[in-house]
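Following are the structures in question.
Two complexes follow with subunit A in common, the first pairing it with subunit B and the second with subunit C.
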Partner chain A sequence: MTKSYRFLPLFAAAMAAAQGGFSYTSSAGDVTLNARSGLVEIPAAGSSVYKFKLRTGVTARSRKDGIVISASEVTGELTSRGKDTVIRHAVATGGVRLVKTANGSTNTITGARADYTDQGSSALVVMSGGVRITSNSSVKRQMWVITGPSGQAVLGPAARKGAGLRTATISGGARVDLTQPRGGNVTATGRQLTLDQAARTVTLSGGVTVKGSGASSFGTLQNAQRAVLRLNEKGEVVASEVSS
Partner chain B sequence: MISLLQGGVQLRLDSAKGPLIARNAQHHTAQIEGDVYRFRGTGSPVIIERPWQGAVLSANQVDAEIRALADQTFVVQQGSFVGSASVVTDSDAADAALKAAGKPLPSRTISERTEVSSDRFNYSGTEQEGTLVAPGALTTTDASHGTREVTRKINGQQLTGPEAFEQKWTLVGSSGTVAIDPGQSVAVKQRLRKGDLNGPVTLHLTRSAKGPGDVAARLTAMDASADHVAFDFTGATRTITATGHVVLTSDNGVFKGTVNADKAVVTVDENLNVKTIDTTGEPTTTTIHRLGGGK
Partner chain C sequence: MLSILLGLFLLIGCGSKHSASKAKPSATPPDEPMSREVITNGATFTRSGYVLGKNKKPLVDAAGPTKLERAYDVRCRSSDLHYDDASKNYWGDMEGVSGTFYDKDEPVATYSADSGQADKATNLLRLRGHVHLVTVPKPKETETTLTCDNLEWHSDQRIVKAFIRVTVRGSKGTIGPMDEVWGSPTLNLIATPDLFSKP
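The block that comes next holds the complex of A and B.
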C-alpha cells in the first residue's frame, strides 16, 4: 500500500474553489470536506478507503448519514457504501461539533474530542472533554440537553429515518435537562446517565437527583442510587423507577 | 430543609403551603398521570409525610395515589399500606418543621399527637380528613398535653384559671375504621374524628391535671373493654359508645370500682377530657354521671 500523503490531483478543481483552503466533494456530492489545509491519502489498489487529515476550520459533511462534523482538526477515512460515499471513521479534536439530523430532529454533540466510527447499521461516537449533547425535535416540540465529561453516543445510519441519536451514555458526572412540551423542565444528575431513545428512558446511577420545575409535576428526587425516567411519545416524564 | 435525609430515596413534591415528601424507600416507582402521582415503594418503612402539618403515613409496602389539589398542595388520596403501617399527626412535629422552614407558628397552647397503627390498612383522604380501614388489629392513641383555661366549682366557689394537663387515650381493636384530621389546623381541637372498632376492644385512659384550686395534680385512670366501640368527635357532643360486654374500671378520677353493662356512652370535651359516662345493661342498669376534669 502506498503511504504517500499529498493533495489528490482528482480534487484539484474543488480545491481551487476553496480560496487557499482544502475542499473535497465526492463524485455523487454526498460527502464534502472543507478545511484551511488538508491531506488525503490515495487508496491502495483494490481499496476504496480514502484517508484524510484536515486542519483548521474543518467541516466534514456526510449527506446520506445526516452528519456534519466541525472541529479544529479531523483525521479520518472515507469509504463506499453501495453507491454512496460515507465517512467510515473520523477523529475530531478541538472545539468539536457533530450535528446529526434525522426525521425532524437535530442532535448536536460538542466536546473537545470525538471519535466517530461508522458501524454499518449505526455509528458510534466516543466523546470526551466537556461533552454536551442536545436534541431538538420539531415534531415533538421537545428539547433535551445532556452534559458531562465523557461518554459515547450511538447514531442511526440514515439522515431521513430513525431517531438520529439512538443512545447516549455519559460517565463521570452527568446531567440532563428535559424541556417538557407542555412547559416546565426536569433536570436530572448522576454519576452515569444513559439515554435510550427507542425505549424512551433516561437511566441514571450514582448519587442521582431529579428536579422538576415550572409546569412539571415531577417534584424533587434525592439520595437515589439508580433512577429510570420513562418518557412518553411527547418526551414528557411520565414514570420513574428508583432504587436507593 | 424541612425534612432530613435519613437513608433511602427522598421524593419531594413542593407546594406554596409546604411539601409532601416520600422518603426512605429502598425502591419505588412513580407514575405521573395528570394531577395524580401513583407511588409504589418498599422500605423499612416507606414514609410519606407532610412535615409542615406533622402528618406521617408509613408502612413497609406502600401503594398510594398522591393528588395535586387546585392550590398545588399534595395529599395522599388513597393507598394501601402494608407492614407496620401507621398514620401519625403530631402538632409538635408540625411546629418544628414550620420553625425550621422559617414560617410563622400557629398559636396553640395544647400539643397533640395522634397515631393509628396496624399491620395493614387502606387509606383514603382529603386535606381535612383521612380514613383508614384496618382488616386486622389496630391501635389508636391520642396523647395531648398543654394548658387551657378552665372554670371549676370547689366548695361552692367558682375558680377560673389555667389548667396544665397531660392525657393519653389508647384504643385497641381487632379490626375497624378510624378517621383523623391528618393536618394540624388550629381550628380543629383534636385530630381523632370518627372511629368504629370491632372487638374485643380495649380502652385505656390516663390523665394528670392541675388547675385552679389544686394543691397537687389530679390523676385519672380508666380502663374499658367491649365487643364494639364507636366514637364520634365531629359534632357538638363528642361521644364514645361501647356496646356488648362492656366493662369499665377506674381507680380514681372518673369513679372507683368496676361497672358491667351492655352499653356505655362516654362524653368528652374538645380535649377528650371525660365529662359523663352513661351505662345501661340488663338485668341491672347503671348510670354514672361525673363531672370530669374541670368545668
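The block that comes next holds the complex of A and C.
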C-alpha cells in the first residue's frame, strides 16, 4: 500500500460523516462505529450483546482495545466488559485495514477479509486475501512486513500495555521483510511463517530462502527445510538456526 | 376509552348539522356523501387511530368493531380535522401534539411534537418540529429516547421513520446525529433505510 492509499480509509470515514451517514457511540465513548449505512440491534433485557451491521466507508473503533477496523462492510457484535464496551466479534470484508496500537507500537493488518474475535485475554484475527501485516515501533525503531495469501494473528487485549501483536502465522507462501535498525534488510520466504513476539523469533518452513542486504550481516540461504531467525529487542537478526 | 368515545362523538356531533339534508323525503335522491371539517381551537382533543388485525378482518362488521389493534393516541392543543362520509376516513393537522404509539395493542412509546398530521386511510401519523419519542421500557429495561425534526409512524408496517438531526440515546449508547433513521416502535432496532428490515 503506497503512502497516498494509506489515508484512503480515513478519507472514506470522513466522507461518510460529512454525508450524514450512520454513527454509533457507546455510552462511555469507548466504541464508535461510523459508516455510510448501518444497523444496530439493541438487546432485550438480560443480554449485553448487541449486533451491528455497517456498509460503505466503515470505521469501527474500540479505544479500550486499541483497535480500529476499516473496511467496505463489517458485521459484528458489541458486548460489555465491566463498565467498558468492546467489540466481541467482527467480520470485515472489502479492503480491510485493522490497526492495533499498544505500548508505543502499531501493527497494521490489511487484506480482503478479516474475522476478529475477542477472547478475553487476547483477540484472534483470521485473515485472507492478500494479507499484509506491518509493525512499526517508535520505541524500538523497528519495522517489519509480513505478506502472504492467508493467515491468522493473535493480538494482546489492551491498548496501553503488552505487545499489540503476539503471534502471526501466514500459510500458503509467506514473506517477511525486516528493516534493521542499523541499516540494511533481511528478507525471508517460505511456505509457512510464524512470528512470535514474546520469543522474538520468526520461523519459516518449506523451501526457505533468507537473504540479507545492505548493512545487514546476514548472507544468503536457499531452499532450507526450516529456518528460525532470532531477533533482539531492537528487531535485529542476531542468530539463525537452519535445518535442511 | 372514554377519551376515544369523546373524540368520535365530537366528530359526529359537529358533522351532523352539515348533513341535516339527509332527512329529506325518499322521493328525492339522497345527497352525495360529503366531507366535513371539524376545528378545535384551544381545546384538548383526543382520539385513536386503528389498524386491522393480522387476520385482515374488516374494520367494522354487523357486530361492531372487531379484531382491532390500537395504533396511536393523539392529544393536541388545537386541530383542523376533515371527515369523509364515503370513506369514513379522517385526516388533518394538529398543533401541540403528544400521545402514545401502540404495537400489538401495547403502549411502546410516548411522544410529543410541535405539530402533527394524521391520515386514517394510510394509518400514518406525521410529527413535525421538536419531535421527542421515549420508549415504554419493559421490566428490567431502560428507556430509549429519539429526538428529530420530523417523524412518521407507519403503524401498518410498524416502522418509525425519523428525519433530520436524528439522535437516539439509550443506556447502551448514542446513535446519530443522522439525516434519516428507521426503527422498530420499541427502538431496539435502528438502521439507515437501506439496511432496515422489519423485525
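In the analysis below, the second predicted complex is superposed on the first by the 225 of 244 C-alpha atoms of A that agree within 3 Å, B and C clash if a C-alpha of one lies under 4 Å from a C-alpha of the other, contacts with A are read in each partner's own complex, and residues count from 1 in each chain.
Convention: a residue touches a chain if its C-beta (ideal position, glycine included) is under 8 Å from a C-beta of that chain, and two chains touch if they have at least 3 such contacts.
Computed from a prediction, not measured in an experiment: that's the story for all the values here.
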Partners on subunit A (subunit B, subunit C) - clash or fit: fit
Partner contacting more residues of subunit A (subunit B vs subunit C): C
Touched partner set for A:T147, first subunit B, second subunit C, both or neither: neither
Which of subunit B and subunit C A:A239 touches, first, second, both or neither: first
Touching partner for A:L221 - first (subunit B), second (subunit C), both, neither: first
Partner chain(s) touched by A:R55 [first = subunit B, second = subunit C, both, neither]: second
After superposition on chain A, the shortest CA separation from subunit B to subunit C (Å): 55
Residue numbers on subunit A that touch subunit B, as the complex places them: 217-224, 237-244
Residues of subunit B defined as touching subunit A within the complex: 5, 7-14, 25-33, 35, 37, 68
In the complex with subunit A, residue positions of subunit C that touch it: 138-141, 144, 170-180, 187-192, 194-196
Partner subunit C, residues of subunit A touching it in the complex: 20-27, 31, 36-46, 50, 53, 55, 85
